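Letters A, B, C, D, E and F name the chains as they come in the text, with residue numbers starting at 1 for each one.
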Amino acid sequence: METILSVMAQNLVSPIVLSFALGLLAAMARSSLSVPEAAAKALSIYLLFAIGFKGGASVAAHGLEGSLVAALIAGIALSFVIPVIAFGLLRVMTRLSAVDAAAVAGHYGSISIVTFVSATAILASRAIDYEGYMVAVAAAMEAPAIVAALWLAARAGAGARMDRELWREVLLNGSIVLLIGAFVIGAVTGERGLKEIESFIVSPFKGVLCLFLLDMGLVAGRGLRQARSVLSPGAFAFAVLMPLAGAALALPVAIMLDLSTGGAALLMVLSASASYIAVPAAMRVALPEANPSIYLTLSLGVTFPFNLALGIPIYVALAEFLLGA
Amino acid sequence: MQMNDAKRVEIIIEAPLERRLLDTISEAGVTGFTVLPVLGGSGRSGRWSREGQVSAAGGMVAVVCIVRPERVDQLLKAAFAVVERHIGVVSVTDCQVLRAERF
Amino acid sequence: MQMNDAKRVEIIIEAPLERRLLDTISEAGVTGFTVLPVLGGSGRSGRWSREGQVSAAGGMVAVVCIVRPERVDQLLKAAFAVVERHIGVVSVTDCQVLRAERF
Amino acid sequence: MQMNDAKRVEIIIEAPLERRLLDTISEAGVTGFTVLPVLGGSGRSGRWSREGQVSAAGGMVAVVCIVRPERVDQLLKAAFAVVERHIGVVSVTDCQVLRAERF
Amino acid sequence: METILSVMAQNLVSPIVLSFALGLLAAMARSSLSVPEAAAKALSIYLLFAIGFKGGASVAAHGLEGSLVAALIAGIALSFVIPVIAFGLLRVMTRLSAVDAAAVAGHYGSISIVTFVSATAILASRAIDYEGYMVAVAAAMEAPAIVAALWLAARAGAGARMDRELWREVLLNGSIVLLIGAFVIGAVTGERGLKEIESFIVSPFKGVLCLFLLDMGLVAGRGLRQARSVLSPGAFAFAVLMPLAGAALALPVAIMLDLSTGGAALLMVLSASASYIAVPAAMRVALPEANPSIYLTLSLGVTFPFNLALGIPIYVALAEFLLGA
Amino acid sequence: METILSVMAQNLVSPIVLSFALGLLAAMARSSLSVPEAAAKALSIYLLFAIGFKGGASVAAHGLEGSLVAALIAGIALSFVIPVIAFGLLRVMTRLSAVDAAAVAGHYGSISIVTFVSATAILASRAIDYEGYMVAVAAAMEAPAIVAALWLAARAGAGARMDRELWREVLLNGSIVLLIGAFVIGAVTGERGLKEIESFIVSPFKGVLCLFLLDMGLVAGRGLRQARSVLSPGAFAFAVLMPLAGAALALPVAIMLDLSTGGAALLMVLSASASYIAVPAAMRVALPEANPSIYLTLSLGVTFPFNLALGIPIYVALAEFLLGA
């Protein structure tokens, strides 16, 4: 308990969390502060490339500690199962239509790579190692939840089926391709490759993350201002409860997989986080009846800041408590 | 200058559907179009802005097609099949073009 | 395809006034519009370009509103109140739209 | 509102020629125009996109000029001299403007 | 005197000044060299975040040397008074209308953050310390001059009053919010926060500044080419004299505030510099009758390069001479 | 021979080459991965500034080893001559019209600065020095090929003449101005200037290059997908043979100039590489009848990857073999 509080306190005054808060407040106050779309995209390309590469290089250096395959399968299973739980909770806790609930559920089964990245930054500052291949697990968990969401919506008589074109769009979506691609490059070039580009992808990493979180705060704040009506108390409660439920589900899986402390924390983070890049785009194509301001507001406006400020420290402290620091 | 009648069709559509729209109208035989970026807007689903966005969801693009009058119906049918269930605005304006043989 | 008459109003206005214009026309009951970026231009106050600019001053945006013919006057009045003392161009074109119930 | 007839000329032209086009139409006495960015498009020379491009080649811009009806011919002649051998589309639409003394 | 010349000479061959010169020459020669708008905005976000954060972290490390509050009040007063002096000078030295003169005056009362940043870079290379809170003073000096300018214009029967919306736009303008926000984050996270993102906001800082100045040179050069007609000899003389007058006004204030050598130099720099981001946008809204090419050309095309090349070394050398190196 | 193979193998698993491959594969598979235009331009500005500055600083440090003027003249001559050879080869090996052949030939006489930059990265990792002024040679070789191409086209009765406006556009094109400008700044500020911005332009350089090559892979892949029809076997063979011919022509020139091993390798690289920024834009203006997808596909889609993966290691190994490591 003491650990949780101290990790939390330390986390709350980190430049990362405060940058997000700055963006959020600025947008709420209708400041003209904004990051150009092209710059935001460039920052996200940098983050995906860096985190993927470092994951691959770490696999090259330490080998596959534990089994990559088992972890991938577990991640995919979690990404399929979590939407079903989320859907059930939403139908009980909110008055969302089945279609809206299915769309939201899909977001929570998938993952938020920035939440993952922020967690790795916290692990690094606490000197906790994790399996490099967790990056590959993150990539594997992006898409299955979309299939689950469409299945849930189809049961309610709505939405498109996964046609070939949609499969292609989902699986070859830019962030998955870049993450996996950089992971492979890191794994192939290994220590030597990492050393060559270390001062680009390692040293300035946290600072770039701050600017990206500033931008995410701005986008989240703008969304919250527009969509306050969406936030029924039930939906709000869901967006805080669901990450905890996802993490709780991931913890025993992590223990069964025999992951390291850091790896377990990251699997909890992945399960607890909600997508706001890949899944929204897929939902607009396949489930246009679902209201985007609902799923964007819950995912980016509530769950993301919750995880950033409180969730991640809880998951990390829990993993430390159960698996040793 | 020798001018000919044509139609200017402007389709404002969600960015995640851009590729599908363009493929569909190309299949319908419309091979000339231009895609313009959109910064933000407002409609029944509220105001939005591209600023700081990374995801294609929550963004739109404007597609401008200039076609001969006799082909406009074909184009609209193809476009409508994509736009129908989605957010989007389609408008048609009379215009005149140079070099009509191109359209 | 069932088409209906409408008006396409295009307002090219200084970027620092964008928010005021959009708020004003929204208050005048026009909730549908799309904002396009502008790279540069020329007018009585000379040529300009957005390249490398950080300040919103010295930039413009184009706002496109498609409205029913009977609402165009209301929109123009609202827009004119903002544009009046400022740099800007307002043009109105006849057009036809699909799904008229949206406008 | 007092509106006057005018013409909206839209020229979609290859980016490397932008400066020449603007200089030419300025010399022809057209001092009002606005340049819009273009993301991509398709034509007889195939589909293209600006994404990730560094060179101006393989990109286009859209130039919008609103002129009095009696000046449109002069503008079209000037524009055509530049566009003629190049890739590009020119369209003219009837429109109405506020503050006609500006055009 | 010798110091001034040597500081000047050293300054003139710095990558910073030469990058600006390169941009200026390229634009004058109508080269196609240009920086995309999104990239320029991203660079300015980086610079504001970095300079704000470092200021805050320095306050956390050294405490408030001297009184922050007194310095803030002095800064605000300078920002109110300088436009009045500028207006008087303009009416005497040029034939500008009262409205144009008021608009120009507003620019000179406000500040240019890049001039400030360039001055800190020069101080750093001469190993002169300064109060971290000077960043907050910079932010405080952005807005009052706008009020003064509108008051001057109103006396001439023109311009808008500061309505609520305009106050909001001016005070919550992006650059002020980011500067103050980053300052607070730096102050809260302190040394530890700085260490985490040092290799992003400290080491590459000067290089980023070079690229930003390259861009400013391009913009300034394009402006000068367009607006040569604006530059009556009187206006030109004003744009060179006014920064010196501003700095001269600031020097005794700095001595009264008991600022360090670096702090005094920076207060002179702030008073001498003219806005080209926040004030022009506010003037377009509130004083549309004023001709933008006049104030932009004077501020960005004449005063900025003057300060960069000659002004800053003069102010620094003067501070060194009077207050000790 | 052994050297060539080992340099090649090492090169193929470098992050640089693999990043390009990732982009190429992603685009071929129609992934949505893309780099915003503004970000790509910003990366290229960074690379040009950094490589120019380092070249100038190296000249300031080591003086002009050998004769800069002789090297410049040789570079200009190569840039004039290579298009003539390329034109001849194209007329024999392909069925391209004279106009298309002239346009393609112009690209091969000019240079690709990213190929040059990638080669310097490989030289650096093998600790091979080169003359800093090779950057100036690169800039000098950009334009003459355009004149040669227009002359070749004019003989076939097509194309514009080099009027004053076109000369200005070609000589003051952004990349030439930035490269030369940064070179001069580096030369003037020397070691001291370099030290000030080293952690911006030296340490992260290779990482930035990876992202830029990722983008180039994406653009090349999109081009190849669109323009497969263009790639007659003859044209394909030309695009692989021509760089070898260019390098073969440059080698004796480099020996005559008494260049260092690294300098000789770089002169071969410059001669072997084909432009894809400056020349295509000039061709659109002056030779609009030529089909852009032909020259862009050959230059960016075939010759660039060939040089990156195989060409550079061959040229470096050859230079090492003949001139000593």
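To be clear about the criterion, a contact is a pair of C-beta atoms (placed from the backbone, for glycine too) under 8 Å apart; a residue touches a chain by one contact, two chains touch by 3 or more.
Quantities reported herein were computed from a predicted structural model and do not represent experimental measurements.
**Student:** Tell me which chains count as touching both chain A and chain B.
**Tutor:** Touches both chain A and chain B: nothing.
**Student:** Once chain C is fitted to chain D on CA atoms, what angle does the rotation have, in steps of 5 degrees?
**Tutor:** About 120 degrees of rotation relates the two copies.
**Student:** Using the stated contact rule, I'd like to know whether C-E or A-F comes out ahead in C-beta pair count.
**Tutor:** By the number of C-beta pairs in contact, the winner is A-F.
**Student:** Could you please state the distance in Å, as a whole number, between where the Cα atoms of chain B are centred and where those of chain D are centred?
**Tutor:** 18
**Student:** Starting from the mean Cα coordinates of chain D and chain E, work out the distance between those two points in Å.
**Tutor:** 38
**Student:** What are the residue numbers in chain A that touch two or more other chains?
**Tutor:** Residues 32, 34-39, 41-42, 169, 199, 203-204 of chain A each touch two or more of the other chains.
**Student:** Scan chain D for residues touching two or more other chains and write them down.
**Tutor:** Touching at least two other chains: 36-37, 47, 56, 93-94.
**Student:** With touch defined as at the top, which chains are paired up in contact here?
**Tutor:** A-B, A-E, A-F, B-C, B-D, C-D, C-E, D-F, E-F
**Student:** Using the touch definition from the top, list the residues of chain F that touch chain D in their complex.
**Tutor:** Spelled out, the residues of chain F in touch with chain D are 34-37, 40-41, 44, 165, 169, 215-216, 218-219, 222, 226-227, 276-278, 280-285, 288-289, 291-293, 296.
**Student:** Where on chain B does chain A make contact in their complex?
**Tutor:** Chain B reaches chain A through residues 14-17, 19-20, 45-58, 85-87.
**Student:** Touching chain E in the complex: which residues of chain A?
**Tutor:** 13-15, 18-19, 22, 25-26, 29-39, 42, 125, 199, 203-208, 210-211, 214
**Student:** Of all residues in chain D, which touch chain B in the complex?
**Tutor:** 10, 12, 36-44, 47, 60, 62, 73, 76-77, 80, 83, 89-94
**Student:** If you look only at chain F, which of its residues touch chain E in the complex?
**Tutor:** Those residues of chain F that touch chain E are 36-39, 41-42, 45-46, 49, 53, 168-169, 172-175, 177-178, 181-182, 184-185, 188-189, 193, 196-197, 199-201, 203-204.
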